Every structure is written in structure tokens, then in C-alpha cells.
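One structure is given below, encoded as C-alpha cells.
Chain naming follows the written order as A, B, C and D, and within any one chain the residues start at number 1.
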Amino acid sequence: MDIDLNDFSPRTDLALEARELAGGANAQAIPGVESESYNDAGIRITKIDITTEEGARAIGKVPGHYITLEVPALRNKDSDLQDRVATKFAKEFAAFLEKLGIGPNAKVLVIGLGNWNVTPDALGPLVVENIMVTRHYFELMPDQVSPGYRPVSAVAPGVLGTTGIESSEIVQGIVEKSRPDLVIAIDALASRSLDRVNTTIQIADTGIHPGSGIGNKRKGITKQILGIPVVAIGVPTVVYASTIINSAFDLMHKHFEQQKGNTTQILGLLDNLQENERLQLVREVLNPLGHDLLVTPKEIDQFIEDIANIIASGLNSALHEAISTDNVAAYTH
Amino acid sequence: MDIDLNDFSPRTDLALEARELAGGANAQAIPGVESESYNDAGIRITKIDITTEEGARAIGKVPGHYITLEVPALRNKDSDLQDRVATKFAKEFAAFLEKLGIGPNAKVLVIGLGNWNVTPDALGPLVVENIMVTRHYFELMPDQVSPGYRPVSAVAPGVLGTTGIESSEIVQGIVEKSRPDLVIAIDALASRSLDRVNTTIQIADTGIHPGSGIGNKRKGITKQILGIPVVAIGVPTVVYASTIINSAFDLMHKHFEQQKGNTTQILGLLDNLQENERLQLVREVLNPLGHDLLVTPKEIDQFIEDIANIIASGLNSALHEAISTDNVAAYTH
Amino acid sequence: MDIDLNDFSPRTDLALEARELAGGANAQAIPGVESESYNDAGIRITKIDITTEEGARAIGKVPGHYITLEVPALRNKDSDLQDRVATKFAKEFAAFLEKLGIGPNAKVLVIGLGNWNVTPDALGPLVVENIMVTRHYFELMPDQVSPGYRPVSAVAPGVLGTTGIESSEIVQGIVEKSRPDLVIAIDALASRSLDRVNTTIQIADTGIHPGSGIGNKRKGITKQILGIPVVAIGVPTVVYASTIINSAFDLMHKHFEQQKGNTTQILGLLDNLQENERLQLVREVLNPLGHDLLVTPKEIDQFIEDIANIIASGLNSALHEAISTDNVAAYTH
Amino acid sequence: MDIDLNDFSPRTDLALEARELAGGANAQAIPGVESESYNDAGIRITKIDITTEEGARAIGKVPGHYITLEVPALRNKDSDLQDRVATKFAKEFAAFLEKLGIGPNAKVLVIGLGNWNVTPDALGPLVVENIMVTRHYFELMPDQVSPGYRPVSAVAPGVLGTTGIESSEIVQGIVEKSRPDLVIAIDALASRSLDRVNTTIQIADTGIHPGSGIGNKRKGITKQILGIPVVAIGVPTVVYASTIINSAFDLMHKHFEQQKGNTTQILGLLDNLQENERLQLVREVLNPLGHDLLVTPKEIDQFIEDIANIIASGLNSALHEAISTDNVAAYTH
């Protein structure tokens, strides 16, 4: 993420959180932002469509279609649940591609953004490692490829700090040479809320924009730049210490309200501040002490491996008809 | 760490923080707790001696000698500073052994506690990997060992969850067979304060006690159990989300006090609570949401590798006279 | 492996190869050595019992029971075959334990010998990482453990060069503290034949003897030393360059014999040498050039991961009745 | 390497070995092939210039300039020697660039060919990880870059089997977007001789050609394709089992000749065969048994890390004037 010290926005890459911030409980009422949610056995699916520029401004996200899968129990290392999430993700992803008019033979390039050597930023490279790659068979012996597969390639382009080249430029170069019909870009995100970290998957048809994701990105990976659709898949893996604190103030306020009724001066001087003023204050207080770090749960190694497997399994099933959602987990390691 | 859901203590493994909590600014006044501090070019050294049971109860740490090196700038990836910290650590550690009456030929077993596969808990195994091991030369060809070395062995015993055996028991078994004169136990710790994470090293002659460190430890690694002195080296690598929030309340309170004078109701209802009551409240509010995780900075992979190298370099120099503090970094990789 | 420069033995850790060397085609005829073989869908099982000291001397292996599974096709990365081998291994291993009189509730300690950082020597640690460990549940909450499990613990004790302590001593210490009824020791072996590398698994009730395995071992891990049975599981992962060459001479000789009849002077001067003389000659020729290395196939990373998973899956199934051979692969990662 | 089953060539990627094979002792006599050698304290440097197509055909390598550093003692883990080799390599590499007319400000893209997950093929990615990357500073804040540096970028493009895209195409795409003046391509090679594995570095101005290196490459990375010079750096990390055996026949033959004079029938029927006929025979004999693998020394993990550090250190010093050959090792980890 490009860290802008004058940026006192809520610092979320999730449309879901941006809408909550903008709309509160009655979020449906934001013009140009449509959404629906449902639960399916422990998985909460929310679809948000930002249909107008007005809606985009209101919640601070570019227009497009967003799907979020929230699975709080993912932290419990339940392999049955993981299989169910992979299957659900595969189904939602396949439907998402269909809605975008992307057919079953479209050639796909999967891009794993992020840095191998920084665990919470390694989601993209980890997914790429488990993608079932087939493009070279179509190139080298097209008549021998079994039906039910499409050409899929997969690259982890590294990050600016370790390559010296914008990953956007590397992706452009690879797209021009390998000519896919669709780019799927996987990236680790920042969330507002510690409990969404490693438990939430977002799919969006908006591509990757500068300032989203947790690595250093200055140029986007978008349809406008690449000339082909870009579907982004993101998982929040980190959260700013300051947003943890700020969210805690909210929770405390609500807690006291429920318990004691809406008295004045629940949190004293803090009650008089706007959300953004309060967040600015938290950062002013924390920054001199070096407090305002991006943090991640202690168990990040296991979490990120689990969710990378879920996404890779889901993509392998969604992209290749021959891989059913029953055997979806068999192709990753 | 053994997580006790009824434990509303401040959750710090650092004597330094425990003393701050107990004594505030005038910490020197706690009976049975002596301390002194000084700065040396960006490194702050604090020595705390807990000399009585009364002092131990007052700050919640067992009696003994504690040395803390605080180096806030360690986060900046400055390799010159890292070398200086390794040299300083070596010097303090050598003096610490001397004060304990442990001579230059004492046989040493270095124990790296923690879990390879959980990055913030991997400090111990990472240090062990870079220890210059010599015991086998003394056993197999004692007359061919150059002067200036002593017998050093090093083991990473794993954690209960992956071995099924208490690391305390494994260490006891190894001590009984290999007969060292001293055990040095390295462990990752939990801190109260995010800015001490990965920037602070604690040395103590108290051994490792149940409930310290971030792994699962039910039995101690102490002189009482092993029959030989145990020096513990710890680095905080994680912090509870709840203590981040609680510390933020403190900082906010002080911030408003300074700016606006000591008015009533700075933080509303929170002002009326004792520290421990407030922390309990924070946890009650956070726990249902799964918020109260142990968190670690996003850059933990690099941080932990750097500080493991500092400790291993420092130990190699402090334990082997032939390795001077000038070439201290040359023996690690 | 302890490398003895005056050792011109055939350098194999496999009883199967030792018997071949001693007995050639009519191996059955060696007194005190009984064996039988059969094939099961691509897996060749050979059982060798060395029943007398005479037999032991004849083939250079200690008396005991040996089972070998040879699966040449394991190199083809066929996951169905891998599952079948795991299931077959589990069945043979369970029967082996039963024959030794080790019951379903016997407490088991799995020891993974070898060095994490040397890929062809990492078999033991890799297996240990995937063992389903249960001992701590039996210790901490014995009444809550489901039926069908037994107490299993697992430790990778490291190697002499990185710990400074004989792994035999570490194992003794752990056995004395944790009191298992049986030790299962996993180790990487050296083979005579490149085609057995990573395709063969040996089970033996003889324990681990000095000079077997590819690491540095000076002391054994045996019933005599530990006081409890020790079952060894080994997989050849390396072969000496000199034995590759020597085996090639044999193959060439046989090739010419078949093609041209038993003429004199097929391989000139080499024909006049005994096997051991010829091997000595090969080493004399190669050694000055530093040729006589232990080598391993280029694909060792993948091979060793696959075979470690097979062994871990098989052991989990063989040791816990609740884990059937149908779901044997589900407990490893 | 593209494995051609009808390819009975000597399978070496080293010009040095190709010339030996073609010319024997009096190699200087091959028309169109010039060479000179000298020793420098344990490092043997050989420069071979293939100046004509005739010379190229004679030794089976494309025309160009080749420099080889042979350091047999590199296997001994001597860190002083490693530093000397890095310094020597830096010097030779800088002179090589100068001779090619590539100036100190030329923009450089370093390409690390090969596969992270196959240790003997991981040389390229490991070097890239330790390259001092600066291009982004020149792009983002050109006026703040200290003198003595040039724009350097570095990418590991993966291998066809894991990306589905020829690495040649990926490199082309990146070159077109990032516009370097020079590509330096690092690759693991196959050697004829086990004693050159991990002890030899080859520099060549010929680029990377199909069939060289140990990965799967079907398209070249050459000046012709990229439009800019390509300097290749290669280290042999593997050798075919069949070439080990074939070389052993040669050594045996010479050994007997020296000892017993040039008698007839030293190696019987083998003496009557041409080198290529004999190699074909060795493969015929070995192949049915799956013997003819590419093999690598057991200690490959350590060897490849050491030599990757030497190359990265050398390149950092050769490419950035501000990094002297004295501090050459300080920039890698």
C-alpha cells in the first residue's frame, strides 16, 4: 500500500467495509450502491454493485461489482469448512465470470501480486504456486489436451522493492507477449477490522488500483491499462494498529450505550469528534512512538497457507470444467 | 503462552514493563526492586534486580537479575546498528555470566524454544541454527580443539503441539545425558507495547517459567528443575490486540491532559475504572468478536531474522573467547 | 554416514541389496537368511529374515526382520499410486508391529533423524512434521481422548554437526523422560543403485546402527541402548558416485555376455578383478579428483516430500485405529 | 534442458568441456577456437573465443567469448576463498562488459532463470534475491541517487512448467516495458564432470540458447531476440549419471595405460568404440532401468547458496562503482 501520511481515510481495501463506514446500518440507502447478502452454512456472501460515480464517491471505491465471502470460523483450522469454502468460492467465481461474459474457453493469466519473503504479503505468490497451469500444453501440443481444460498461465511478478520494476509494467509486458483474454490478479489487502483478517475473500471486476493491497503499487493493473478484463481477488491479511484502536472506541461506545442508555459523555472528549477526526487524533498520538504499524495475527503462516489453498482450489475448479467442485482440493499441495 | 481466560493481568513477559505498570514514574520506590538505566548511542540498557519476595509480588516477576536492551531504531534495517547491538549484547551477556560465577570453560547448552513454523515464535530455533556448536569436537578429539573455545551444544526441542512432549521434559532428558554446566534458553515473548516488539532483548537469570513466552509451556525450565543455572534470553515478538487498545486509552488520556489540563471526564466512563478493570472491559468487548488476537508487525519475517542474528552473533562472541566482538557477525549466516 | 576411507564394502543400507550382493541370483541358498517376495500392482514386497549370526555375517546386516517395498513408478508423480503405496505401507507396518507383539495401545515415539537443511537428509524431520501427535492429550485430558487413538509423540533431534550432541544421546534422554513403549526411527539411507533411490522403503526391527543412514551417527539407536523395541524405517535418497560406476560395469558385462556369448576379455583387465577389488580401484581412480561424492537425483526436493508424505500417512493410519486406510492421506499436509 | 532421447552428444553446457572433448590435449589447434588459461591462487581462469562458424561446429558451441573460473576448493566451505572468488569474478565480469563496449551507466536487467522449488535449478532465483536493485530509485527520484550507482532491475521469470509461458517470452515482455541496455541471464547448467559441479562459473556473451541450462527452455534469450546484448552466467549444478560412468571409463583407461603401458584390450570390447558410440551404449544399458538421471551432490543446498552469494556479490560490485571489491560481500544476505 502506498502510505500517505496525510491520508486519514479509513484504510480499507474491502468494499464491504467502505460501505459500512459510509452508510452505517441503513447502507442500502446510498444512491448508486446496491447490495444484497445471504448466509450459507457459516459463509456470508455479500454482493455490492457500485453503479454510478456518485455511489463511487460516497463510499470511496471505483464503480464495479464486488462479491465478499466472510467466514469467521476459518480461523479454526477445520478442513471440512475449508473444502466447503473452496467449493462455494469456485461457484461464485464461475458465475461472476459468466456474468462478465467471459466464456469457458477464454485464455486466463493468473497474476500473484506481493512478496514471497513477507508472509502477510505472500498470498499472491502462494496461490500462483498451486494454480493448475495448462497454457504450454495448448501451445506445444494443442491436439493432445483433454476436453474440459482451458489455457491457464500464472506468474508472480515480484514487488517494486525487489525487482526495481513496477509490477504493473511487468504484467503489461507479459500480457502483450502471451495474449490472454482475462487477467485474474490475487493480492493481499488491508482491512479495518482484525476479525476480517484471513477470514474474508473479495472478488471484484475493477482490477487493481494504486494504493490498494499491502505492497508498494504505484500503477494500476486494470482493463484500461491492459486492454482486457481484470478480475481482482483479495484477502485482508493486515490491519493498521490505529484502526484497531479506532474500531475499539466504536465498540466501547456501543457497549456503554447498550448497557447504560444513551447518556452524555460516554467516552468524554472523544464523543465530540467525527470518525475521521478521531482517527487522525489516534494517529497523532501513536505516530511519534512508532506505534502505527500494520499488524497481522501471530498465526499468519498457517492462515495464509490455508486461504491460498482455498483460492487456488477454487480457481482450478472454476477455470477448468474437467475439475469438478468435488475433487477441487486434489490439485493443490 | 498459556492463555487463561480469567487472566486479566497486563500480559507482559518483560520485567521492565511489569515494573512500569507497578510503579509508574517513581518506580525506584518499590521495595525489593532496584534498577538503573543508561543510554549508549541509541541503545538503552536497564538493569532490574528483584531482591525480595515482596518486590517479586509487587511487580509480578520472580526474584532475580534482569537486563533489558531497548533499541527503537532496530526497525530501520541499519546493519551498522545491528552490529553495534550484537557487540553490546555480547559484552553485557559476558558480564552477566561472570557475575553469576560462570567461568570461561563452563559447558553450555543453548535451547531454542518455540515453533519453526510460526514466524513470530521461531526466534529460538533461528538462534540455535546460527550458534557455533563445538561440544562434539571436545568429545571426539579434545586435544585438537584450539584454545579460546568452550564446549557449546544447541537444540531446538519443538513445542508441545507438534511433539506431544513438554519442551521442559525434553530439555531435562538432554541435560541429563549431555551434562552441561549452564543452560541458555531463548524464547519469543509477549509485550504490552507494540513499539517494544522486535526492538527489545531481555536477559534474566530466572529461567523460563510456565506462562511466559508465546508458545505453550506448562512446565518451567529452571535451576530448580534442571539442577544447573538457566539464563533466559527473550525478545517480545507479539502483543495482544487488547493491550494495544488499552495502552492507547492511556496515551489518549495523557494527550488530553497535557493539552487541556486535568479536566474531569476526559475519557468519560473509562476514567472511572482501574487499569485492570478497564483491560477486563476491553477484553469483554473484543472477545465475542474474536478480536483479541496476538498480533505481530507485518514485517515480522525480516525483523525476526535480524534479531536472531544479533543474538546468535552476540552469544558466539560471549561464549568463545577466540571470537572477538570485532568479528562477531562473521560466524552467522 | 560415517565415512571410512578404508571401507571398500558395497555401501548399502538396504538388506535387499546386501543379500543380492552376497547371494546373487540364488540368494535363497544363504544359510540363516530367509526371504520371500511378491508383487502387488506395481509394488514389490520382499521380506528377509536374518535368523542366525552366520546369516548376518554372510550379508553384512544384523539379525532381524526386514521388509522392503519397491515401487519404481514412484518417480512419475502419480498421486493415485502414492495413495496406494501409503495404504500398503500402513498395512505391512501394522502387521509388522503385531508380529513383534506390540499392541494397539503401546505408546509410540517417532524419531525423525537427519538434517532439515540438507534436502536428501531431511526425510526424518519431514515425516515428523506430518505425524499426528496425540501424547499430550493423553497426558493433559486423558478422559477426553476419543477411542481409536494411542499416545504418539514425535521429535526431530537434529544431527551431531548442528547440535554438538549425538542424536542417540538426545533420544535416550527423551525416552527416559517421556517413557514410550516403542521407538520408530525414520532415516535417509544410502543405496547401491540409483534406481532404488526414492522408490524404496525398508522397515526393520533392528534399530539404527552406527554407519547406517547418510548423516553422521556414531552411536546406535537400538533396543539394547534404549531398553524398548526400535523399528527403523529407511528410504535410500543418495548413492555414491563410485557405486553407480561399479554397478555400470556389472551391467555392461552382463549386456555383452547376453549379446555376444561368454567370450574372454569382455571388459579387459576389469574382468580379472573381484567385485571389491574393482570397487577399490574405482575409488582410487576417482578420489584424487574429488569425484567420489554422494549424489542424489536433481528432483530430490519433490521426491523427498512425496515419500515423506507416504510414510507419515501410512504411520498415522497404522498407529491410530480411528484413521482408516481410506482416509489415510487426509492427515498430512 | 530439452531432453532429446536421440541426442548422444556429450551433454555439456560448458565451452571448456566442449573444447576438451573436441580437441583433447592439443585443443589450441582447433581452427576458429582460441583460448588461454592462467591460475591465480587456486582459481583457474580460461578464456575461449570462438571466432568462426567452423570453430563453432567443431566444438558444438555458438561463436562468442567465454570465460570460465574453475575453483575446485569451493567445496570446502572456506569463506575467505569465497570472498576471493567473488572479487575475482567481479573483476573479470567488469572487464568483460568493458570489452563488449557496455559503459558504466548502461541500464541492466538481471534475469534469474530456473525453478525456486528444484534446488539444483534455483541458482538464478537465488542470485536475483541478492542483487542490489536500484532502477526504481532512478525512475522515482532520479536526482536523489548517489553517484556510483546505475539502474539495475532483477526478475526471476519462473519456468515453463510452473508458469505456462516460455521464460523467453516473459523476458521479452519485461525488456520491452522496462527498456534496459543489457540483460544478464543467470542459469544452472549441466556438466560432463562431477568435479566441475558447483565449482565452476562460466561467463559468455552468447545469450541463452535452447537446450542449454537444466530447465525446460524452447526459445532462446539472445541479442537477436531481445535487440540488446545478453551476457549469460552459468554454473554447472547437475551431471547425467551416464556421463559420470562414461568419464569413469576414460579415467580407468588412462589409469591402466599409465600403470601397465599401452597394452591391447585394456577395457576389452569398450576399447574398440568411439567416445560417442560408447556413451550411446552406456545409455542403452542404463535407460531401461531408469538409471540415466540427472544427479547432483548431496550437499547441493549449501553449495548453491554459497555460489549464488558469490555471483550476486560479484555482480553488485561489477555493476555499481560505489560498491568496491573490498566490501563486495556486505550487500548480500
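Note that a residue touches a chain if its C-beta (ideal position, glycine included) is under 8 Å from a C-beta of that chain, and two chains touch if they have at least 3 such contacts.
Only a predicted model underlies this, so the values are computations on that prediction, with no experimental measurement involved.
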*Interface with more contacting C-beta pairs, comparing B-C to A-B*: A-B
*Among all other chains, pick the one whose mean CA position is farthest from the mean CA position of chain C.*
A
*Separation of mean Cα positions, chain C and chain B [Å, integer]*: 41
_Interchain centroid distance [CA atoms averaged], chain A/chain B, Å_ = 36
*Which residues of chain C are in contact with two or more other chains?*
117
*Residue ranges of chain B in contact with chain A within the complex*: 72, 75, 117-121, 194-195, 214, 238, 241, 244-245, 248, 251-252, 255-256, 260, 265-271, 281-282, 284-286, 289-291, 293-302
_chain B to chain C touching residues, read off their complex_ = 117, 129, 133-136, 140, 151-158, 160-166, 169-170, 172-178, 218
